[in-house]
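Across the two complexes that follow, chain A remains constant while its partner is chain B and subsequently chain C.
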Partner chain A sequence: MSDSKNPLSPHLQIYRWQISSLLSITHRITGILNLFGLIFISAWICSAGIGENLFEYFSILLKTFFGKFILIGFTWSMSYHLLSGIRHFFWDLGYGYEIKTANFSGIIVVISSFVMTIILWLIGKGLI
Partner chain B sequence: MNASRKWILQRISALLVAPLIVWFCVSLISLSTSSYEEVMNFFGNPMFSWLTIILLVAGFFHAKIGLNEIFEDYIENEKIKNIANLLTFLLSIIVPLITIILLLYKF
Partner chain C sequence: MVQFNLPKNSKILPGQYFKDKTGSSNLKIVHIYRWNPEKNENPREDTFEVDMDTCGNKVLDILNKIKNEIDSSLTYRRSCAHGVCGSCAMNVDGVNTLSCLKSHKDINGDLRIYPLPHLKVIKDLVADLNTLYKQYESIEPWLKIKKLKSQKNEINQPKESRDKLDGLYECIMCACCSTSCPSYWWSGEKYLGPAVLLQAYRWISDSRDEEKKERLKMVADKLKLYRCHTIMNCTSSCPKGLNPAKAIGSIKKMLATS
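Now for the complex of A and B:
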């Protein structure tokens, strides 16, 4: 980390957008969003620990459209990052480097992330 | 921390976080419309509160390594990068620490 001779990543805008680079940057963006999710979760837990009055603000927020948007957004962001992470694990093990395979697994990750979001919400709501 | 050690720790923390965050996310969706008492009861369960603690520690740790990695790629100025890394470090310690203390003593 302290090695200043490490080259910087080539700037994103130089490259033509491809599915591989788009999915890669999405992995990073969802990672950052998930950190905000963790902070939100921590704040929510803390509010309950501190007292009912503070917790009520969160309850009201979570029942609004904006609150639902945050929750659904976090569910998707977490799902995408997790599934994309599994894709990274396969690469770590040495599989899936063929361009066709990598593009295919990428598309599978995107589709699955939405499916997973829906499934988690159905479970969370007690519908399945 | 050297790069290969970071690489391994990032994957170990990912394996810990993955099942826990799925469980927590479902619980959060369910609890988001629950009353104060129900939420207090949920975290009052030692197994749930300890799983949450593991999730927070591993999750913030994973986020810290990830952010360091992103800063390494996009921040050219060493000074700014060091400050960003320091702030990330502090954030990844303080936020879970406060939450864990509350989880252990207030539920």
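Now for the complex of A and C:
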């Protein structure tokens, strides 16, 4: 019956986003962002070994709005992926599969990821 | 490579508008996906104005009314109308459900009805579930006992063992969960999907079955099982209130600890 002339029914186009599916795709996206973030941080560290000028250039870049956006964004992305990963560990242990529990743990992860970002930056700035 | 867009022949075009002829003031606007295999055209979305004063609350009542009174060519599967047979599974208001259980009163604004997602459409709201049935067959959903022929008496099962099947045996294979799962959309040929994995777990959990190990070995596959990333669309769509995500998690846990 399924020859090629039959159309494919709509999927992503029509399916309503659920809290669980949004959090799941965010986990993936932050995973990919972390890869780029780590490459960026590694390049920064390497630049110190290559030469003073290059390191200076990086330091200026990081002090701009764009540079700060990248660093704070990377901290959040790392925090979210880490906390969401812990949520996955709980699932692997067999807990938290009820929709209510999963939505609750998901919201906790989102809030904590922002709190963790703020705390990490306060520690980094020497304010805590 | 995953294709997120619909293929060219599947793009939905605007369709006909069926205006209300009863003069009722209690109207529901219903948008329905249509595709006719006899015409060489793209699918379209028809709009119906339905008089709710003379119509039941369930989405299936609305579909029946449209078929009986407005457009008899509207095609959809239905049978029991009581959430037992699983025929009338479709995408209502963006979430898969049984149209016979879903009340239109739970939905604000216009009603949108599509076939189950990411399947080949046979006609209108009827989609092709052959792949899913083949996958169901592949997990061998029957009791496996070596000495079945010499077994004269019934096989007794203690109450505690029987309790383990609660939340699993109620599944009616309506395919709402499997077709709500993005992992199943992208690799439905290889990934078994929540419905079939819940069934697999139902037989793994049966105390009378003697091939638990073989069953576990059969599903322990990168694609068959581990394509589940706990997106949980399955559990939130199940019209019977079951938890396929938990069943899949239990299989993973069994494999990790055995």
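The rule we apply is simple: the second predicted complex is superposed on the first by the 114 of 128 C-alpha atoms of A that agree within 3 Å, B and C clash if a C-alpha of one lies under 4 Å from a C-alpha of the other, contacts with A are read in each partner's own complex, and residues count from 1 in each chain.
The rule is simple: a contact is a pair of C-beta atoms (placed from the backbone, for glycine too) under 8 Å apart; a residue touches a chain by one contact, two chains touch by 3 or more.
Please read these numbers as outputs of a predicted model, since none were measured by experiment.
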Between chain B (first) and chain C (second), which does A:5 come into contact with in this model arrangement: first, second, both, or neither? second
Quick one: classify A:71 as touching chain B (first), chain C (second), both or neither. first
Partner chain in contact with A:92 - chain B first, chain C second, else both or neither: both
In the superposed arrangement, which partner chain does A:121 touch: chain B (first), chain C (second), both, or neither? first
Please indicate which partner A:20 is in contact with in the superposed arrangement: first for chain B, second for chain C, both, or neither. second
With both structures superposed, pick whichever of chain B and chain C touches the larger number of chain A residues. B
First (chain B), second (chain C), both or neither touched by A:41: first
Residues on chain A touched by both chain B and chain C 1, 6, 8-9, 92
Would you tell me which residues of chain C are touching chain A in their complex? 4, 6-7, 9-10, 12, 33, 35, 37, 40, 42-43, 91, 93-95, 112, 114-122, 127-128, 130, 180, 182, 185, 229-233, 235-236, 243, 245-246, 249-250, 252-253, 256
In their complex, what parts of chain A are in touch with chain C? 1-2, 5-16, 18, 20-21, 24, 88, 91-94, 97-99, 102
Listed in rising order, chain B residues that touch chain A in their complex are 1, 3, 11, 14, 18, 21-22, 24-30, 32-33, 36, 39-40, 43, 52, 56, 59-60, 63, 66-68, 70, 72-74, 76, 78, 85, 91, 95-96, 98-99, 102-103, 105-107
With touch defined as at the start, can you tell me which chain A residues reach chain B in the complex? 1, 4, 6, 8-9, 28, 31-32, 34-35, 38-39, 41-42, 44-46, 48-50, 52, 55-56, 59, 62-63, 67, 71, 74-75, 78, 82, 85, 89, 92, 120-121, 123-126
